[in-house]
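Here it is, the structure in full.
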Amino acid sequence: MFIQKYFEEFQLNDVRQTKGRTITETDIVIHAGQSGDFFPHHMDEEWCKSQPFKKRIAHGTLIFTVAIGLTADFVNEVSMTYGYERLRFIKPVFINDTIKVTVTIKDLKDHKKPEYGLVTELVECFNQHNELVMLCEHILMVKKGNS
Amino acid sequence: MFIQKYFEEFQLNDVRQTKGRTITETDIVIHAGQSGDFFPHHMDEEWCKSQPFKKRIAHGTLIFTVAIGLTADFVNEVSMTYGYERLRFIKPVFINDTIKVTVTIKDLKDHKKPEYGLVTELVECFNQHNELVMLCEHILMVKKGNS
Amino acid sequence: MFIQKYFEEFQLNDVRQTKGRTITETDIVIHAGQSGDFFPHHMDEEWCKSQPFKKRIAHGTLIFTVAIGLTADFVNEVSMTYGYERLRFIKPVFINDTIKVTVTIKDLKDHKKPEYGLVTELVECFNQHNELVMLCEHILMVKKGNS
Amino acid sequence: MFIQKYFEEFQLNDVRQTKGRTITETDIVIHAGQSGDFFPHHMDEEWCKSQPFKKRIAHGTLIFTVAIGLTADFVNEVSMTYGYERLRFIKPVFINDTIKVTVTIKDLKDHKKPEYGLVTELVECFNQHNELVMLCEHILMVKKGNS
Amino acid sequence: MFIQKYFEEFQLNDVRQTKGRTITETDIVIHAGQSGDFFPHHMDEEWCKSQPFKKRIAHGTLIFTVAIGLTADFVNEVSMTYGYERLRFIKPVFINDTIKVTVTIKDLKDHKKPEYGLVTELVECFNQHNELVMLCEHILMVKKGNS
Amino acid sequence: MFIQKYFEEFQLNDVRQTKGRTITETDIVIHAGQSGDFFPHHMDEEWCKSQPFKKRIAHGTLIFTVAIGLTADFVNEVSMTYGYERLRFIKPVFINDTIKVTVTIKDLKDHKKPEYGLVTELVECFNQHNELVMLCEHILMVKKGNS
């Protein structure tokens, strides 16, 4: 569970893939309840029939939450989240779609504090048709091993 | 509930403020259950005692979810989310902290599709001590009224 | 679980008392998520400090839901809810208050359909200080045994 | 979010309509968990097949909770709930039905405290076939503006 | 609700049957969130299609939880759970299956503390096709009435 | 996530330890809602004050669910649960206790199907005072590697 993976151990272009998860109506209802966002796009099947996408769609923040959660396997004790860039929702996710995440190391650079480096992970979330539905860059601040 | 606010109606530097919301232990437990992220930072009070922050902290994705949810008041029928930039978690949010969001129009520019413009909202989330805990830029793609 | 208690078997002034239940912060958060009511009275501890009641209070619909739920012990196969009258929220219910319900048969009368009678139960909900916090009249439409 | 709408500003026969909301299986399961009412009408699909209504139906307290929640848009700082009258469940609500609420000002009268008036809102809840499924009268105690 | 049923009042081979309950997708999603078990057997519909059972199945701990919950009707003030033996998951439970429990008194014996006896209940859980899906032995430590 | 660990690879007396998890009031409320068990031991703080244990305690099925969930880290594709034996609740778990699980391989034996073996894991659940609160034996049916 707990690991110590230092900055020098991250390899550019390394790729890992997560388990999949089916996005259910339950997830959307619980997410509305947590976020307070009861917009008809997520909660009103009748209204959605009148829209281009025809049926209820998952909240963007739900897909982001589940996608990031899928990547959270090991606790790296020498790493912390610095932030996220370029979060994009490319395609809607519908009830019963199954999503899966690919994480690719896209950039490695020094941080102004010399004992840290910045790791940029490209997080790409795909549905069961292998269509990209969401992407973002997750920037991690990771300790250097020699520090 | 439903409004039509076109690109031309957004004013640079306009500010609005949301209601507040107390982040409860319940929110964290439900968010762990939704995200699948049961990291000890959020779920293990004993382990947290051994860490610099001393007690359980909210998931970043929870604060992002609630903050964006707080801003979701009216359904603007001529606007959609384009994406988010520069999401940063500045300070930890603890159980029983109360957060509130300020939204400032920071940028307005044309989109390559001439009938749309891009609106950048700066989303700043503060705790009850008026400390900034999270910020991001929310980019909206908004129809132009003359299109 | 399943019983058949006919109109003639209800006795005026009969009283029964339910189990108790502590109203938790979790109940309020889940109820906000179910109802979509995130009013600061229930969700914003800081705002509540500026109000006469000083702390978060349970939604009226939560207390009604739990109180009626506490009375739901046996499934009476020959009875159905006709409606409720005079629902009143007498005192606020705070987090960690424990409520308990007393049900008294207050009225028995014929229904226009001759095979049914109307039973009026007075539902009184008390907190741990034995203060009345909510009351209503629950009207049941119950089959007559000789029908 | 926060408004101050005084008694004198309410107009008899004014009507407003809420957003819609689809009642999901999730809502019923969460409501059973909140109310403690696990009656087979809501929780046992097999048993329901043997009943006149043939499938699971939503709890009355769930429909009341969601309907009242749908009406909770603005926080009127000079108004509070006095109570509810004549709550009736006219037709069953099934999983995947979408409900919507119409609120009509039906009565305006003085309260014994001279600085308050009583506003009676007729709350009517319709399904996607425009059938009335629930109604009640919501009585509000509202400050007079000249007080 | 509260009863006092002493050891001597339990009869070998007595049988009681509970209400039924439909196991929903919601139950599985909430159970994943409570247990932290997001194995693809329960959460990934696409992966399940590649498995012998073809669709998502309920967690064993969910079926155990619901089955034991179905048996919890009266609070016997002179009884407590000693433990469970021989818990077996005989067949998978799928979304929308309806389960029901039969409890049979299988064994009655003395406890080393002379004022208690041990009651063994055979708990059998059946689906809507009357197939046994789970069983266990629930051992209760019950006060003797003459003690 | 997915591994293939065959029967021959299990070593008698091997021990692994899980992350910890704080049992919250939220967990108990959600578990009551899932199990349908609203016994006052878990839900009525006032009643609990009159009992030997003085405060609300977690459901046995909740502790079993969380403990087993904590052990579910890797999906072993060649293993399945055969059942559980000797489940015992040794001490009550209170709100805010933190539990952690130790798993020890206690027995390895052949199964009647020659291509499988039975692995018995002793599952011991401890609180933050290192007191044993629950134990059980988890029996796994695991493929042999040479089959």
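We call the chains A, B, C, D, E and F, going by the order they appear; numbering starts again at 1 in every chain.
In this text, a residue touches a chain if its C-beta (ideal position, glycine included) is under 8 Å from a C-beta of that chain, and two chains touch if they have at least 3 such contacts.
Protein names from UniProt, one per chain: A, B, C, D, E, F = Acyl dehydratase.
Here the structure is a predicted model, which means the values were calculated and not measured.
A.B. asks: Hey, what chains does subunit D share as contacts with subunit F?
C.D. replies: A, B, C, E
A.B. asks: Can you list every chain that touches subunit A and also touches subunit E?
C.D. replies: B, C, D, F
A.B. asks: With touch defined as above, tell me whether subunit B and subunit C contact each other through largely the same residue numbers, more than half shared, or through different ones.
C.D. replies: Here the answer is different, because the shared fraction of interface numbers falls below one half.
A.B. asks: Find the geometric centre of each of subunit B and subunit E from their Cα atoms only, then give the gap between the two centres in Å, rounded to an integer.
C.D. replies: About 43 Å separates the centre of subunit B from that of subunit E.
A.B. asks: Quick one: report the Å distance separating subunit C from subunit E, using the average Cα coordinate of each chain.
C.D. replies: Here subunit C and subunit E have centroids separated by 30 Å.
A.B. asks: Averaging only over C-alpha atoms, locate the centres of subunit A and subunit D and give their separation in whole Å.
C.D. replies: 37
A.B. asks: What residues in subunit B touch two or more of the other chains?
C.D. replies: 19, 21, 25-27, 30, 33-34, 36, 38, 40
A.B. asks: Classify the chain contact graph as line, ring, star, complete or other.
C.D. replies: It is complete, because no pair of chains fails to touch.
A.B. asks: Report the residues of subunit A in contact with subunit D in the complex, numbered from low to high.
C.D. replies: Listed in rising order, the residues are 25-26, 29-30, 38, 40, 43-47, 56.
A.B. asks: Note which residues of subunit D are touching subunit F in the complex, please.
C.D. replies: Against subunit F, subunit D makes touches at 30, 32-34, 36, 38.
A.B. asks: Can you list the residues on subunit B that touch subunit A in the complex?
C.D. replies: Those residues of subunit B that touch subunit A are 21, 27, 30-31, 33-37, 39-40, 60-62, 64-66, 68-70, 72, 75, 81-89, 136.
A.B. asks: For the complex, give me every residue of subunit F touching subunit A.
C.D. replies: Spelled out, the residues of subunit F in touch with subunit A are 1, 18-19, 73.
A.B. asks: Within their complex, state which residues of subunit A touch subunit E.
C.D. replies: Going through subunit A, the ones touching subunit E are 19-22, 24-27, 30, 96, 98, 128.
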